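In structure tokens below, several structures.
The following pair of complexes shares a single chain, subunit A, combined with subunit B in the former and subunit C in the latter.
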Partner chain A sequence: MTELSADVVVVGAGPAGLAAAVAAAEAGAHVILTDEQPAPGGQIWRQPWDAQPPAPSRELWRRAEHRGVRLLPETAVFGVQEARCLRAASPGGAVTIRAGAIVLATGALERMLPFPGWTLPGVFAAGGIQALAKSGLEVAGKRIVVAGSGPLLLAVAAFLKRQGAVVLGIFEQAEAMAVARFAGSLLLHPGKLRQAAALLGELTGIPGHHSAWPVRAEGTGWLERLTVRVGDQEQSFELDFLACSFGLVPVTGLAELLGCRVESGAVVVDRQQRTTVPAVFAAGEATGIGGVDSAVIEGAIAGAAAAGSMDPAPSLDRRRNREQAFARRLALAFRLRPELKALCEADTIVCRCEDVRFGALIRYGDAREARLATRCGMGPCQGRMCGPALNFLRGWPLPRPALPLIPVTARALVTDATDRTASATFFRES
Partner chain B sequence: MPEMVRLVVDGLELQVPAGITVAAALLNRRLVARRSVGGEPRAPLCGMGSCFECRATVDGRPHTRTCMVRVRNGLDVRTDD
Partner chain C sequence: MLPDVIVVGAGIVGAAVAEALAVAGCRVRVLESAWPGSGSTGAAMGHLLVLDDSEAQWRLTRLSRDLWDARADQWGAALEWESCGTVWVAADGEELELARRRGAWFAERGVASELLDQVALRAAEPNLAAGLAGGLRVPGDSVIYPPAAVRLLLEGAVRHGATIAAGTPVKRAGGGWVELTNGDRLPAGAVIIAAGLATPELLATPVEGLALIPKKGHLAITDRYPGWLRHQLVELSYLKSAHGSAPSSVAFNVQPRATGQILIGSSRQLDTLDPTVEPATLSRMLARAATYLPRLETLTILRTWVGFRPATPDNLPLIGPVPGQPRLWLATGHEGIGVATALGTAALIRASVLGEAPPLDPTPYAVDRVVGWMAHA
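Take a look at the complex of A and B:
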């Protein structure tokens, strides 16, 4: 097993992680930056397979490289050996990484809500189809509906249109008034306002609906038809792909394994981005959904703090406070309406790993009971998909992370008893 | 034109652009990555390695997330995972 060590280890190379790595390295720390993907940038700055990475990502990475930040790409942190010692699976095998301080920049996942037909091939998460298109999925000429909730839908629709897709419509569950109020509040954020205006310009000609959501996807082995509800009317489309998700959920598994406090689904941090565990910091979406600007600011504060500079620069502090106000308005405007709970029918699959249907879960009081009785959430995704859905549908807390965080190969295993148990749990599934 | 590489999926040879992921290559041919425990066809959902719906056996390694693997010449993919 390879052993590495650094003053600061940053987990996740999206906007927050890149900013943290740069800040820590510029403060003189030796920094290791890990990411599951082959290139830095995270999801929002994901590099298209046949093009350069986006400019902000390129610029941050240039600065990181200049300061000697060591990137471990295709490296998934799957466990914690002891305080400030992480275990990861990389292409070359298992890696142990000792850290003076850790910055968690683990980002967010899209919340999927089950509805009849959502397991058909051709139904994607909204950001999911964008990630896949950047990885080579051909979308030109494809008829695509974008649905769910949040500003991500607009960004994805504009991206798909630029790639030559025929975007049939955007269906946002939030009310028009709530979205309009949110849009109005962008006057306080001129940069975001400019971006939103540019996005809306690009979307000219694409029908946009509010108080609207998918109710049924149908097809024989592949998505062919989608029915959406707009107000009290239903509309049906013949289509190739559906891009659908209902907002973002912080990724907190590693933070929880390290013992950090998580409240309302987000890692709790203070003004220095310190978690409740000494020498462990967190930044970006993992600490609450706030968007890319917020992530970069928090990353810069966390990276500097992790490298030992205790007080955030006042300008960063002020900007972060403004971003947090933005984040609160975002959450309020796009909060999920209760009608969406009725989308999932008794025979709708909720847990895709184990094919557990909603009707089989109704009698259980919490995720743990349901898990023991039905295997819901026990597949390889460990409840990452069904957990946020059941959190909304049933009010169940998100499932606690289990070791290993991702299924790992026998090569990545070590010999202590905890790990044998963990791997046995996984390999029983296979 | 990008360079093309040869990908073998369940014994079927595909010519695909170098640099795309296995998940994208499968989707472009409307091939599903796996069957669910109940026998349903499944294809990638999240595109970022979280949902595990794109998993397949790649060069003999079971449970490989095909959205995280770029195609290489001669790569062997089995959708029996």
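Take a look at the complex of A and C:
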């Protein structure tokens, strides 16, 4: 049984995790950095295997390597063995990882909202189609609609356009006023303003709509037609792909298994990025959706604190406060409007793993009751997909995470060597 | 005249009792603090079986299994009924002898079973380890989905005029009355407390000696592997684990679900109220299962959880009137077989409340025996 240990173990190698690993290592700690993906970078910096990662990612990774950070790729933490001791699944089997301190940098997932036809092949999560395109899905020449909510839509549309896709339009559910006010506030963040301006430049020629959302996807066996509502009009498109997501949701399962307090869906941290559990820190989108700049700053603070530095550097502290103000404006501007709750019809599938339709759920007041009665959220994804949707549609809390956080073999859950030996000798003895 | 009835608790036991009394014509109200099935029942495996641990346990499991069989005909797929039978697996010659004796005992009492030798066992369950001595197949045992059973029973009760109040916690109860946590006091001709582990603390006038022991159990569920497992498999030494006083034990107990998933049990812990999955116990439980089913180690586990069984010191449930408190009954303490024995329990309660002839001798389950339990504690 493989057992590893380090002063600081960082879970998640996105911007927050990379920054944390660097800061901890530069403070002198021996650092292990794990990610379930094959390469570091997280959602935004991940690249196809043959492409150069973007500069900030390369730079952080160079510093991490220089300080001897040990990267464990394709290593997904699925459980907590005991305090400060994690279990992870890796290609070589399960590993036990002991830590002096833990930094949780597990990022966020996209929220999908069910609407008629959303389960047709050809409908993708916005970030999902980006990841698939990076790993080989052909998007060049394809007619694609981007819909849902949040700045991610713009990033994905620009990405798809760069790959040669024909982006038919971007449909943002938030009101034009709210988005304009948010855009105005970017004046306080010159860096972000530059990025946004560059992005909008790239998107010239693509129609953008506000107060707009998909109402129906149709096709025989494959997505062929999409109807969107724009204000009080409906428009229809013939298309190949729909890229769709309704904001991001922090990934907090591991934090919850460790016993950290989670409020309003995000891991609660203090100024040093400490969670409510001793020696456990959190940074990046796991602590709230704030974007990549905030993730890097929080990661740096968390990594240094996990390595024993007392207070965050004042400059980092100030920048983080500014970023948090940005995050609050972001959340406000892209709040989901209540009309979206009406998109889902009684026969719309909500839980794809178990084919549970919305109509089967409406009679239940309690998420666990509904789960036991209908199998909603009981499949392989354990509610990672339908949980955030039902949180919005019904106000149900996200499903309580349990061991294992991701599906693993039974073997991976046998942790004690004596348990296995006992089992191996059982019949020989008798 | 038939009494108005209040049933406290809508687990499998309360649901069965409510249905039986509603069908008998009583006006039944079910008061449930959370939602139906939210207690032990929502965590349970749903194995319906006959057990020969004691004569009293035999009679109750036997009666109940017959009653469930009738429900299978009535409800079928809605119960997620699987008539898979049980195979009691014998690791060695000594256990095979136990299996043979159990089979003979069943035969004397008219329940079919079949002794399997090494070869027949492997033919029945190809994924079992080579080298196991054999087993006893009990074809009449089966598997249901307990939350579905609760729903169907309560729907039956409602059809006969019962009302179900979920989200209605009872603060305490006595002979012929119940007090809600909101202060309302409800009178009734008969009050039946089927509140699982919470039952003792609801009694306004305590019953001396009454104690329920929470026995924590872990379960793990796999992804779908249709055909991988055909029977509920239980190790023959299971009852040692179930009724032993060791603070913590695991036993091989796996179940094929209608979905093709495999539900893996089981553990028993006496000294804890911790509602979280313990990796160390889970590890022992899965290793134990893999001794019998080596390839089980390669199956994907989707989720694990725990539940608490309401146990009594003498391993028999408490079913009957509370001595000295007229119009008050208890129906609880079924440990690991509350689903299997719910319908027999309901038949006993019905007979007692209505003054009919009982379907079997109620004495072994009577509440007055708890007086002796003080010595146990």
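Keep this in mind: the second predicted complex is superposed on the first by the 411 of 430 C-alpha atoms of A that agree within 3 Å, B and C clash if a C-alpha of one lies under 4 Å from a C-alpha of the other, contacts with A are read in each partner's own complex, and residues count from 1 in each chain.
One rule holds in what follows: contacts are C-beta pairs under 8 Å (C-beta built on N, C-alpha and C of every residue); 3 or more make two chains touch, one makes a residue touch a chain.
As the structure is a prediction and not an experimental result, all values here were calculated from the model.
Of the two partner chains placed by the overlay, only subunit B lies in contact with A:P121; subunit C stays clear of it.
By the touch criterion defined above, A:P407 reaches both subunit B and subunit C.
Once the two complexes are laid over each other on the shared chain, residue contacts for A:G365 go to subunit C alone; subunit B is not touched. With both structures placed on the common chain, the touch criterion links A:M112 to subunit B but leaves subunit C unconnected.
Of the two partner chains placed around the shared chain by superposition, subunit C is the only one that A:V80 touches, whereas subunit B remains out of contact.
Contact with neither subunit B nor subunit C is seen for A:A157 once the two complexes are overlaid on the shared chain. By the touch criterion defined above, A:Q43 reaches subunit B but does not reach subunit C. In the superposition on chain A, contact of A:G379 is made with both subunit B and subunit C. Once the two complexes are overlaid on chain A, the subunit A residues touched by subunit B in the first and by subunit C in the second are 379-380, 407, 409, 430.
Across the complex, subunit A is touched by residues 34-38, 42, 91-92, 129, 131-132, 147-148, 151, 166-167, 220, 222-223, 259, 264, 277, 279-280, 282-284, 286-291, 296-305 of subunit C.
Per the touch definition, subunit A reaches subunit B in the complex via residues 36-38, 43, 49-50, 74, 76, 109-110, 112, 119, 121-125, 127-132, 135-138, 221-222, 349, 352-355, 379-381, 384-385, 406-407, 409, 430. Interface residues of subunit B facing subunit A in the complex, by the touch rule stated above, are 2, 16-17, 19-21, 23-25, 27-28, 30, 32, 36-38, 40-53, 55, 61-63, 67-68, 70.
The part of subunit A that touches subunit C in the complex is made up of residues 79-82, 87, 365-366, 368-369, 372-373, 375, 378-380, 382, 402-404, 407-416, 419-420, 422-424, 426-427, 430.
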